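This report concerns only the one structure given below.
Naming follows writing order (A, B, C and D), and every chain is counted from residue 1.
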Amino acid sequence: MILQVHDVTKRFGGLQALSDVTFDLHTGEILGLIGPNGAGKTTLFNVINGVYAPEHGRVSFRGEDITGLPSYDVARLGLARTHQVVRPLHELTVRENVMVGACYGREKHSLKEAKRLADGSLDKVDLLDRADQPSGSLNVSQKKRLELARALAARPYLLLLDEVLAGLNPSEIASMMDTVRAIREDGISILMIEHVMQAIMSISDRILVLDYGTLIATGLPEEVANNPQVIEAYLGDPKMTAQLLAE
Amino acid sequence: MLDQLISSLTDGLLLGFVYGVAAMGLTLIWGVMSVINLAHGPVIALGMFGTYLLFTHLGVNPYLAMVPVAGAGLIAGLVIYVIAVHRVINAPHLSSLLATFAVNMIIIGVGTAVFSTSPQNIDYSLGSVEVGFLTFPASRLVGAFGAILVTACLYLFLYFTRPGKAIRAVANNRMAAELMGIPSSRVLALSFGLGTMMAAVAGGLIATFFPFTILSGGPYELKSFVICVLGGLGNPLGALVGGLILGGLEGLIPTFMPVSWVPVVEFGLFVLVLLVRPTGLFGAK
Amino acid sequence: MKAWQKPGFWLPLVIVLVWGGVVLLIHQDTMRETAFVLLMAVGLASSLNILLGYTGYVSFGHIVFFGLGGYTGFYLLSEQGWPLFAAAIGGGLLSAFIAGLVGLAVLRLRGAYFALATIGINEAARAFVSNFGPYGGATGMFVNFSAYEKYGGPGPALWTTFTFLWITTLVVLLVSYLVKHSRFGLGLLAIREDEDAAMVMGVKAPKSKTITYVISAFFPGVIGTLYFFKNGNIEPGDAFQLHMSIEMLVMVMLGGMGTVMGPLVGAVGYQWLRGYLLTSPIFKDLHLAVAGAMLLVIILFVPAGIVGWVRNHVRRLQKVLE
Amino acid sequence: MAILEVNDIASGYEGVQILWGVNLKLEPGKLTTLVGSNGVGKTTLLKTVMGLIQPINGSVSFQGEDVTNLSAHARANAGMVLVPEGRQLFTEMTIYENLEMGAFSPRARATFNQNLDKVYELFPRLKERTRQKAGTLSGGEQQMVAVGRGLMAEPEVLMLDELSLGLSPLLALTLFEALTRLKKTGLTMLLVEQNVTMALAVSDYAYVLAEGKVHLEGPARELSKNDEVRRTYLGI
């Protein structure tokens, strides 16, 4: 068990963003996290990696309680993530961006060593030929790859991926999926948020479904896809629609 | 002892009203567009000189002179906004800080060349007023009334007129305001104009109390920072209360310790409030 | 490639090295005075740039460290009889210490709030020193004449001070380069670009920012001691001029923030312009207004500064101008 | 004739192109729905239509006139009104003031009182608390204010971005009911929704956006039976 989330609750003002979320992530697993917009998926990520402290509940990573630890300490334990809205460090080059990940990740590397590692992870995501360009000049798909490379360079045990496929075209999606699979082959566990259903259903070992801050379903992809509660969360309640039309 | 305490407190509070007006201009601009106007001090000084020139050369009553001074302040603000501020409104804070500071340098530079730095004063006395054992210059009382009047006008403008409400809407959510058909750029320019108008009027009022030079706006700009932070940046009514607190402190402190400690307390408090309650003493958390 | 093989590393150092060397060789008083003002500007602007340029935090009251350090160094030298070198280091250490104390708290503030707080700290320090007996209160201190004798009288003492300033400036530029091109500096640049993302990557932002604040406060303290020793007296009005703080910012912006060369170019350019305007018969009275207008043009149209602009437009010079 | 026409719009932000030639037409008096998965560019399209984002290519015409170069506030004055995603209320102002700001444009001022009555009739809950600050309301009430504010602008076309986002099913239902009542008044509307079933049920015509282009279009009733829509959403 690499990650255990137990009874996590997070509020913003009066809004209940997460309520009593509990799940485990097995070592080497790809766990998909889905749910409609505003369901609390990114908030859950933020609680796991220490951007927010939960009001209630526990997060433990590789057997260690990391609840409430600042995000930089969590990162140094070997938990890396990407952001939904890509956040490259604009004025730095692509390579320098990835070097930040290597220098401050799980292993503390010198600049020289970080450079070597950075080139390695850039190669893995097919960005090596852009290494010397300023990261602000990349297009969206390259920025997504850059974020991934940056997270990989930290040599994490667990990777949180927040919508790495959003905004990509089908061929880009396919190659990104290959990259994600290759990362898992390297022994890194993955928790990923995704809206591109076909992709997440095919790549995940298990799926979690979040709706209004509550886990409404957990299971194998095909189970989840046929769960009436999940369909309703995504497409709306057919009974409610009938009621609306009746009026 | 108590008499003295009350009298110096009253003195400070009366002055505090005028500080409040100066700070209100700064806080209005911050509240609407998140710009700290470092040209605030020189505009205060221009208000002083405007009132002085109208009085000395044209013989206009200094209080009446404040009407054209206010108008000129509004126009000056619009011009400053269009030339120096509009292009950096969405840039990092450093840009707008330095752009308004550049305006500060230009005003001080031209002002020094025109007016020199020798002190001037408005030679117009209203005598003094006695209330019980308290005696203070009548100009202070009129100044305080002027300040209350200006605050009331600003409040009525912001809450009961269309342009005023548009300013609040733009301050609150510029994109939504634009979607509702409010021309946000023009509203920003108007807000900046109003902010400098308040500074000019405050300058005019202060000029009736003390001698001044073109550099005299600086200390009031610093005081305005303190007041805005006490009252919560972006909160005009908070600025008035903050002004009273500062004026009160300035009145009270000298009865307990040497007057030279006043700025230590003021700026110490300023940094403390920024750290502990950046939304101001009465702002929401 | 080793650091000394890179022009970005040695170019600024060689410029200052040759410049100071020439002044020492020619040994002319007016030339020394001009060079003193310029090197001081370079040193101050470069120190500020270590904070402003690398972390993006806008310190509007950075002159407080020049004032506090200057006062302390001056006191040690004049009242306690310390040698100039030790007193200057003492002044720098005091500034660094204060920055460490204040930094942890103030650096939590972001953007304009941080800028305002630094103004407040400067004003509070000025007011405090005006009341502080050992430092001479509002009238300040005059240098004890015996302090000059160690260096063979007032004239030679000025040359010694200049030499120290020259060395200090070289050290600032060296440190500026080394910080930028270190693992630590990479973390700072990450903070500048996106502090929250940097923390998620493992950069300990609070600690890194405070260390940087301390470094960028140390040198103004040293320079302050040298400057006020040269002047022979110190008073609160001169030591904590908000105006000088902003001039430092302008120099950094003019040259290009976040580069090692930028503050050097900006400081020399700004001081040269200022000197020219002050002596020109046409602009003499309007020098401040003209400088303001130029600043405005730079902010509005060349926000990257001179060095930044050149780097962005002439790719070949990117390696030369760090 | 279409009241609003989007011709071959290419758009994006921060140098990232998201839309690659979108065509759309709104027929007067009809409710049109735009659906598509997350991140496909629905909000970008609405923002481009309103002039908050300048398109890379293409044009927008409204009532037969090209408005591509008009500012957002000028378009609002002409009768194009967007109820933006995330409500974007004036949180520091009261409900009444929010509605008042909705009627800022000269064309809306004349009918202020009638529109106010209409909004209060549609959402009686707002009338009870006109003096309450909008920021203190619940999510559903905020959405009512947002829609109400849009209606106060006397729109010729009302665009609604993510009407039911973050609302509980019951509140979503309330808002959809309001939508159907507005439809009966003959208002032209463009709805962006993630609740596809409900959106298609109330709409006349629908567009499905995928990969930055219009992927499918047709009468809503037909699309609601189309398996392809379902597939884009659930990946089955």
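Note that in this section a residue touches a chain if its C-beta (ideal position, glycine included) is under 8 Å from a C-beta of that chain, and two chains touch if they have at least 3 such contacts.
Since the structure is predicted, the reported quantities are computational estimates derived from the model, not experimental observations.
Peer 1: With chain centres defined as mean CA positions, report which chain is farthest from subunit B.
Peer 2: Looking at centroid distances, A is the chain farthest away.
Peer 1: Taking each chain's centre as the mean of its CA atoms, how far is subunit A from subunit C in angstrom?
Peer 2: Chain centroid spacing, subunit A to subunit C, equals 43 Å.
Peer 1: Which whole number of Å gives the spacing of the CA centres of subunit A and subunit B?
Peer 2: A distance of 49 Å separates the two centres.
Peer 1: Quick one: report the Å distance separating subunit C from subunit D, using the average Cα coordinate of each chain.
Peer 2: That pair's centroid distance is 54 Å.
Peer 1: What's the distance between the Cα centroids of subunit A and subunit D, rounded to whole Å?
Peer 2: Using C-alpha averages as centres, the distance is 31 Å.
Peer 1: Quick one: which chain pairs are touching?
Peer 2: According to the stated criterion, the contacting chain pairs are A-C, A-D, B-C, B-D.
Peer 1: Flag every residue of subunit A that touches subunit C in the complex, lowest number first.
Peer 2: Touching subunit C: residues 49, 51, 70-72, 75-76, 80-81, 83, 87-92, 96, 99-101, 103-105, 109-111, 114, 150, 154 of subunit A.
Peer 1: Which residues of subunit C touch subunit A in the complex?
Peer 2: Going by the criterion above, the answer is residues 181-183, 186-187, 189-190, 192-194, 196-205, 258.
Peer 1: Subunit A touches which residues of subunit D in the complex?
Peer 2: Contact set of subunit D toward subunit A: 15-16, 18, 37-39, 139, 162, 165-166, 168-169, 172-173, 176-177, 180, 194-199, 201-202, 211, 230, 233-236.
Peer 1: Mind pulling up the subunit B residues that touch subunit C in the complex?
Peer 2: Against subunit C, subunit B makes touches at 30, 34, 36, 83-84, 87-88, 91-95, 97-99, 101-110, 112-113, 222, 225-226, 229, 258, 260-264, 266-268, 270-271, 274-275, 278.
Peer 1: Within their complex, state which residues of subunit A touch subunit D.
Peer 2: Interface residues on subunit A, with respect to subunit D: 15, 36-38, 139-140, 163, 166-167, 169-170, 195-201, 212, 225, 231, 234-238, 240-241, 243-245, 247.
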